[in-house]
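There are two complexes below, and they share chain A, which is joined by chain B in the first and by chain C in the second.
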Partner chain A sequence: MKRIMLLIVIMMTLQQFVNAQTKYFTKNGKITFFSKASLENIEALNKSVTAVLDTKSGNIQFAVLMKGFEFEKALMQEHFNENYLESHKYPKAIFKGEVLNNSSIDYAKNGTYKAKVKGTLTIHGESQPVETEGNIVVNGNQLKTDANFTVALADYKITIPKIVKNNIAKVVSIQVACLLEPLQ
Partner chain B sequence: MKNLHRIYFVICMLSISFVGNAQEEDLLSLVGTEEKPKKEFVNYAFKSSRVIMSHSMEVIRPGVMDFRILHRFGNVNKGLSELFGLDNATMRMGFDFGLAKNLMIGVGRSTNKKELDGFAKYRIIHQSKGPKSLPFSVLLVGGTSLSTLKITDTTQKEYFTSRMGFYGQLILGSKLSESISLQVMPTVVHRNLVPTVDDPNDLFAIGAGARIKLSNRVSMNVDYYYRINPNPIDGTQNPLSIGFDIETGGHVFQLHFTNAIGMNEKVFLLETTNRWGKGDIQFGFNISRSFQIGKKKH
Partner chain C sequence: MKKKKIIILSIIILALSGGLYAYMEFNRKVKDLSRVRADVKFKSGELIQEFEKDEKAANALYLDKIISVQGQLKAIEKDLANNYSLVLGDAASMSSVRCSMDADHQDDIQHLKEGVYVSVKGACTGFNADELLGSDVILNRCVIQD
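And then the complex of A and B:
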């Protein structure tokens, strides 16, 4: 009897260890944003995105430090942090969501899978629902994820003064690309 | 036997704790987005590389050219006939260049005495946050000026060097909070040729500059120098400027009132004759327009 109990307990523990390995993460994912306006295009890249995906539950989360966005022009970077995103007050942007069609993705089999993702994006202290379709490429024990979506600045209370309304787009497009590895 | 029970117990607890983890919503906390704090430099203490007349603790970024146009009008108390001073204007036009993260240079020319000037500013210590940080910045500025006016005094032998002036300045500054920045500037100005025996060749002064941010794009700035050994009889004054920085995308406008007409260190420290107390002040504005001319170095 006691042996059986011991076995069950050990199995449960092992099961949890296995579960723990259903999580994949990265700390150097990439987010690019692109603003296309009549006077100028603005592009910025952040190369230190943190992302975690739990393949069992389909939960997926991203965090990014606003000060880590690098711009072509120093002045753009200054205005991005100082005037628009107020990085000192709101240092991070966070996305928390889930892969809606998680059960149709076979993480054990190499291949490219479409992933519908839905969740809440918090930028500049404002949270908004976001839904998009991206790809998950399973390659051995690595997962490559990418997705595109757009963000309307007004939704996040990022106000653009009239004087620069031809320099900054009202809606910017965001690209996310991460290479996830098993979380030990 | 008792020991075996203990082992069960520990394993059970472990299992439960793992179950607890699996249900944890916050996946990000598993990888610790709160990285161990990194040293982070503090930037944007001032909207531009000048407080109003003085150099600020900011250095423009490498690859950036800052085109600066400075205007000082006539005395406000001249009344309506001179449109409160707007009928008269002197100006300085200059170009500043960011050469490296901590180094910038600039050249300019003022209509006042047709002076050329140039400077180099180097940041020795950059204010930072996090481990091994220092809560202040230290910068060194060296500059020179050259008057290109014709010398009318025919009794004097004319040397090229007698047209020259130099200044050296140490800037100790700190961005105390997001909205308040403060700096002090011990300064020495040297003139190769002085007008009278009462004029010191080396003038020592201590300046103070401050800004208070009123909104993301507007700040109030104050810029003042106390001169330690001025000429006691020529009636020159300590320069004081008070104004607002307004940033509009690519431009920074610095609108201010000042009693200093000069727009380089030698002139505003040694040739300021107007007094705030009498309303002998001028309206002035600086326009700074930044251009990215080189590739940004990360």
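And then the complex of A and C:
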């Protein structure tokens, strides 16, 4: 009886250990967006992206605070927050999705793996499906992830006034790069 | 004749200064926070409490505000591009104030060690509540205060 109890305890401890090892996260992820228009190019960087990946289920989640995007020019940053994204009303953008080919990624073996990701992106209070392909680089107990995709401003009801329509692209490219570490 | 000249001259001066203002406004950079006075001061625990109590109300009060926060340095983190973040708060708590250092002030933290008390000034960008990861108030473009 004692042995069985001991076995159960050991198994439960192991189970917990395994569970703890399946989730990876960062709070210092990066999202860059790039708008290429005839009059000017606009680039902004956010360095405080939260990301969690569950390697067991393939569930992946990103959260970013809109006010944290940094622009080269102050005016751009003000217009972005006040007029276009209305960051005071919608302070956060969130992506919730899954790695579709999760079973083909060996998180225990170093290497670069292609990852197909599909999910829902919420910006400016509007949710839209997003699908893209990115990379997961397994390096010891760290996962380096990156992905690119595009976002059409109209899909998220972000309206750009006519007067600056030559300064801002209708479709902007988004770049995500995170270094994930095991959640203890 | 003299009157006409004065009028033309003042129109030119007006147009020039208007143009200069527009040019400077267009190229204006985001202010370095070491030269900006803080709007409000907090201990790290107090600031976290403000957001945990009512995120919406705290957002309305503090988003974009320059906040000076004092607290114990739980961790110094470095990202892929060598940008530093300071994590402030009670070591026993999951919640923190996360201060992403200004790109021009990365060297400010060289003398800092985990466990010391620091005073940091930054622009508040909001709150990330997460049961799994712990909740954080985020400050951006941070500088160390003396």
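Keep this in mind: the second predicted complex is superposed on the first by the 175 of 184 C-alpha atoms of A that agree within 3 Å, B and C clash if a C-alpha of one lies under 4 Å from a C-alpha of the other, contacts with A are read in each partner's own complex, and residues count from 1 in each chain.
Everything below uses one rule, namely that a contact is a pair of C-beta atoms (placed from the backbone, for glycine too) under 8 Å apart; a residue touches a chain by one contact, two chains touch by 3 or more.
Please read these numbers as outputs of a predicted model, since none were measured by experiment.
Three-chain overlay on chain A, with chain B and chain C in a clash. In the superposition on chain A, A:Thr50 makes contact with both chain B and chain C. By the touch criterion defined above, A:Val151 lies against neither chain B nor chain C after alignment on the C-alpha atoms of chain A. Of the two partner chains placed by the overlay, chain B and chain C both lie in contact with A:Glu70. Contacts of A:Lys23 after superposition on the shared chain: both chain B and chain C are touched. By the touch criterion defined above, A:Ser87 reaches chain C but does not reach chain B.
Touched residues of chain A were counted for both chain B and chain C, and B has more of them. By the document's definition of touching, neither partner reaches A:Ile31: not chain B, not chain C.
Legend: residue contacts after superposition of the two complexes on their common chain; A:Val99 is shown touching neither chain B nor chain C.
By the touch criterion defined above, A:Leu183 lies against chain B and chain C together after alignment on the C-alpha atoms of chain A. After overlaying the two complexes on the shared chain, residue contacts for A:Ile174 are found with neither chain B nor chain C. Common to the chain B-facing and chain C-facing surfaces of chain A are residues 23, 25, 27, 50, 52, 63, 67, 70-75, 81, 88, 92, 183. Chain B meets chain A in the complex at residues 4, 8, 11-12, 14-15, 18-19, 21-22, 25-28, 30-31, 33, 40, 43-44, 60-64, 98, 178, 216-217, 247-250, 290, 292, 296, 298. Chain C makes touch with chain A in their complex at residues 25-31, 59-60, 63-64, 77, 79-81, 83, 85, 98, 100, 123-126, 128, 130, 132-133, 136, 138, 140-141. Residues of chain A that touch chain B in their complex: 2, 5-6, 9-10, 12-13, 16-17, 19-20, 23, 25, 27, 50, 52-54, 56, 59-61, 63, 67, 70-75, 78-79, 81-83, 86, 88, 92, 94, 96, 161, 163-164, 167, 183.
Interface of chain A with chain C (complex): residues 23, 25, 27-28, 30, 47-48, 50, 52, 63, 65-68, 70-75, 77, 81, 87-88, 91-92, 144, 177, 179, 183.
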